[in-house]
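Naming follows writing order (A, B, C, D, E and F), and every chain is counted from residue 1.
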């Protein structure tokens, strides 16, 4: 049983706003992140899969397939996007899902988990900045 | 004569669009960066000043003053902002200044140079991503 | 259940010396770190908390509160300090607690754990250098 | 119980080829890595050991001993080597063990685990590039 | 006048050997790098171009064109290759050009300079490891 | 003409104090750095030499010799030291040389320049932290 992690980057913008909060609550809880024009980040994504090593290839997962799934399911949908306006998980609805790093990690897990048929998804890590990151292991 | 460099980070969003271009030109020249909703980056700014070392303090520049100038003139204006909509240098006007990394480095130079009274500004470096950066030395 | 990690840096000096050891033992076991004048490091601290995501804010923890607790309980006490001479956990006493990276991680855990009332402290990681770090999960 | 991790680097070359595969299978599965002349990497190795902190030294493991074991058992054997031609675990034999990052992590674990007599080996992490790494915890 | 730098990575293997040297000289001068099987590195390439900013696009150079030139002229030729056996500049000949970081930087300059028609090549930087790099400015 | 840069790290402690200043001036000008117990850093040193490439070896400088000079002249004297108390350039004297990053870069230049007989010293860069560094080119 080994764990293999592959990194990728994407650039996106977002803002934090809950329509159920008063303007004062939004300002107090979200601070500068409440600016409705949005601001952005170079996100770094780490996807970890686990499984036994195939004795013929020496691989736990076909790296090209993993890269393709990450590109198709995650990067194509999030890169160069305004998360609140263009990504279904975060479109304004009732109740709103705020595009925090926490919710972004969960959304990426839900996009990837059903598409990885051989290796098992173990962890999704999302760095919003080099000094702040979130890990999600698929556990409610 | 020594050169001292201080780094700082800010997060902002932007998009590339020239109203003098046709939609086809905007799409061809700017690609994904033409998305009008914007996307974002964790920018890294490096400010380099030069000068002789003060024999009493051992400093080429008072680090606290340098930090204050960088915060007041640059970070307060750019951090957590949509550059095209909120930063004067890049507001839509005729002709438009596109908020590329090149133009961002020049704008930051112009903000800092007149405010550094003891040390001399030598270089402004702006990283848009870890793999792309621009240097400006104030030379036309 | 998500895990959120925030990094911070501090600069401190220390040295390794056990008064119960002979001078030869101190020299053999601690090598260059036995220099009583001390030497220093840019420490990097990673604090990981875990908990469910608040559906209203999208946060597992209020980032500003976490930052304040880290500053007040850890950085204010350790930054720009000589650990052996100024930090209570490492003051010379019988028996002495050597300010190794191991003991520093444990001390930081003990400072933080009782102050985080909403999220649960999961891990304290301390880098002494980019090539050496210690993790502590609060388990005896 | 604390976990201490030490990093080290080595430079090696390798290629991927399974003599039981047809040339077409080797090309399809291994792509550019199938080039028999080999190509190379700056590998980064992270070795994590766990154990209680010795109250006299403040150490979970003698860092000098750990460094010596890593050098003697791993770096001396792998650094500046062509893995397929010079490292016993990967010499062409039936069946072949392909020198993938997965198999390299397992081989390093097997080299280190019996040589660490005080602390217990917890994890071997091998970075092939900054964007790809494998973890092995010794579990079949 | 601004300077724009773009990074790229490639993985290659090489060894150092001068057929005009005696075996003892090769061993003494090149050490472990003299191993004829080769060893490898994750090279990092930084290409810096300079020029005025195009007022319409805000670009000093079309980033896509720069990326294409770097891929076609450098990465396609060097990535996943054994430099001594597969790259024309370093094939064994009389006199031999040793594939040191110095000569690699010069070779990459010579490949790129004639292909950049709008912006002017300013500097080629090649990192062999994170701790060793060479800069070449095209000056004999 | 190529430029080759080699990095090295050392850990040291220091404090800033000018006996010609009043206590109030020392506190105001040096802030937390005025703590007489000292605090420390993991310094990163980059030494750049320049010269033509030797056609026989492909080297601008013998890397082993460069490494030996850096170790003997700089690292052995500074690593694991309290700069103010143990390094001649910074010992308390009249007038005092404060061990700022600026003065440290100059001191390292003066130690290295006369010892590099083949290649010419071009630049000394010293990082006090990842966010603050000084360059010195030997020019008064």
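Definition applied: contacts are C-beta pairs under 8 Å (C-beta built on N, C-alpha and C of every residue); 3 or more make two chains touch, one makes a residue touch a chain.
Note that the coordinates shown come from a computational prediction; the quantities given were computed from them, not determined experimentally.
Enquirer: Taking contact as defined at the start, I'd like the list of chains shared as neighbours by chain C and chain F.
Expert: Per touch definition, common to chain C and chain F: zero chains.
Enquirer: If you tally contacting C-beta pairs, which comes out ahead, B-F or A-B? Let me know.
Expert: Comparing A-B with B-F, the pair joined by more C-beta contacts is A-B.
Enquirer: Work out the mean Cα position per chain and let me know which chain is farthest from chain B.
Expert: Comparing chain centres, D lies farthest from chain B.
Enquirer: Mind checking chain D against chain E and telling me if their interface is mostly the same residue numbers on each side, over half, or mostly different?
Expert: Mostly same residues: over half of the interface numbers shared.
Enquirer: If over half the contact pairs have to be identical by residue number, which pair among C-F, D-E or A-C is the repeat of B-E?
Expert: A-C
Enquirer: So how far apart, in whole Å, are chain A and chain E when each is placed at the average of its C-alpha atoms?
Expert: 35
Enquirer: How many Å are there between the centre of chain A and the centre of chain D, using C-alpha atoms for each centre?
Expert: 30
Enquirer: Report the inter-chain centroid distance for chain A and chain F in whole angstrom, where each centroid is the mean of the CA atoms.
Expert: 42
Enquirer: What parts of chain C, by residue number, touch at least two of the other chains?
Expert: Counting only residues that touch two or more other chains, chain C contributes 130.
Enquirer: Each pair of chains that touch: what are they?
Expert: In this structure, the chains touch in these pairs: A-B, A-C, A-D, B-E, B-F, C-D, C-F, D-E, E-F.
Enquirer: Could you please specify the touching residues of chain C with respect to chain D in the complex?
Expert: 16, 18, 20-21, 29-31, 95, 97-103, 105-106, 130-137, 139-140
Enquirer: Show me the residue ranges of chain B that touch chain F in the complex, using the header's touch definition.
Expert: The contact residues of chain B facing chain F are 1-8, 48, 53, 55-60, 62-64.
Enquirer: Given the complex with chain D, which residues does chain E contribute to the contact?
Expert: Where chain E meets chain D, its residues are 9, 11-14, 32-33, 35, 37-42, 79-82, 85-86, 129-130.
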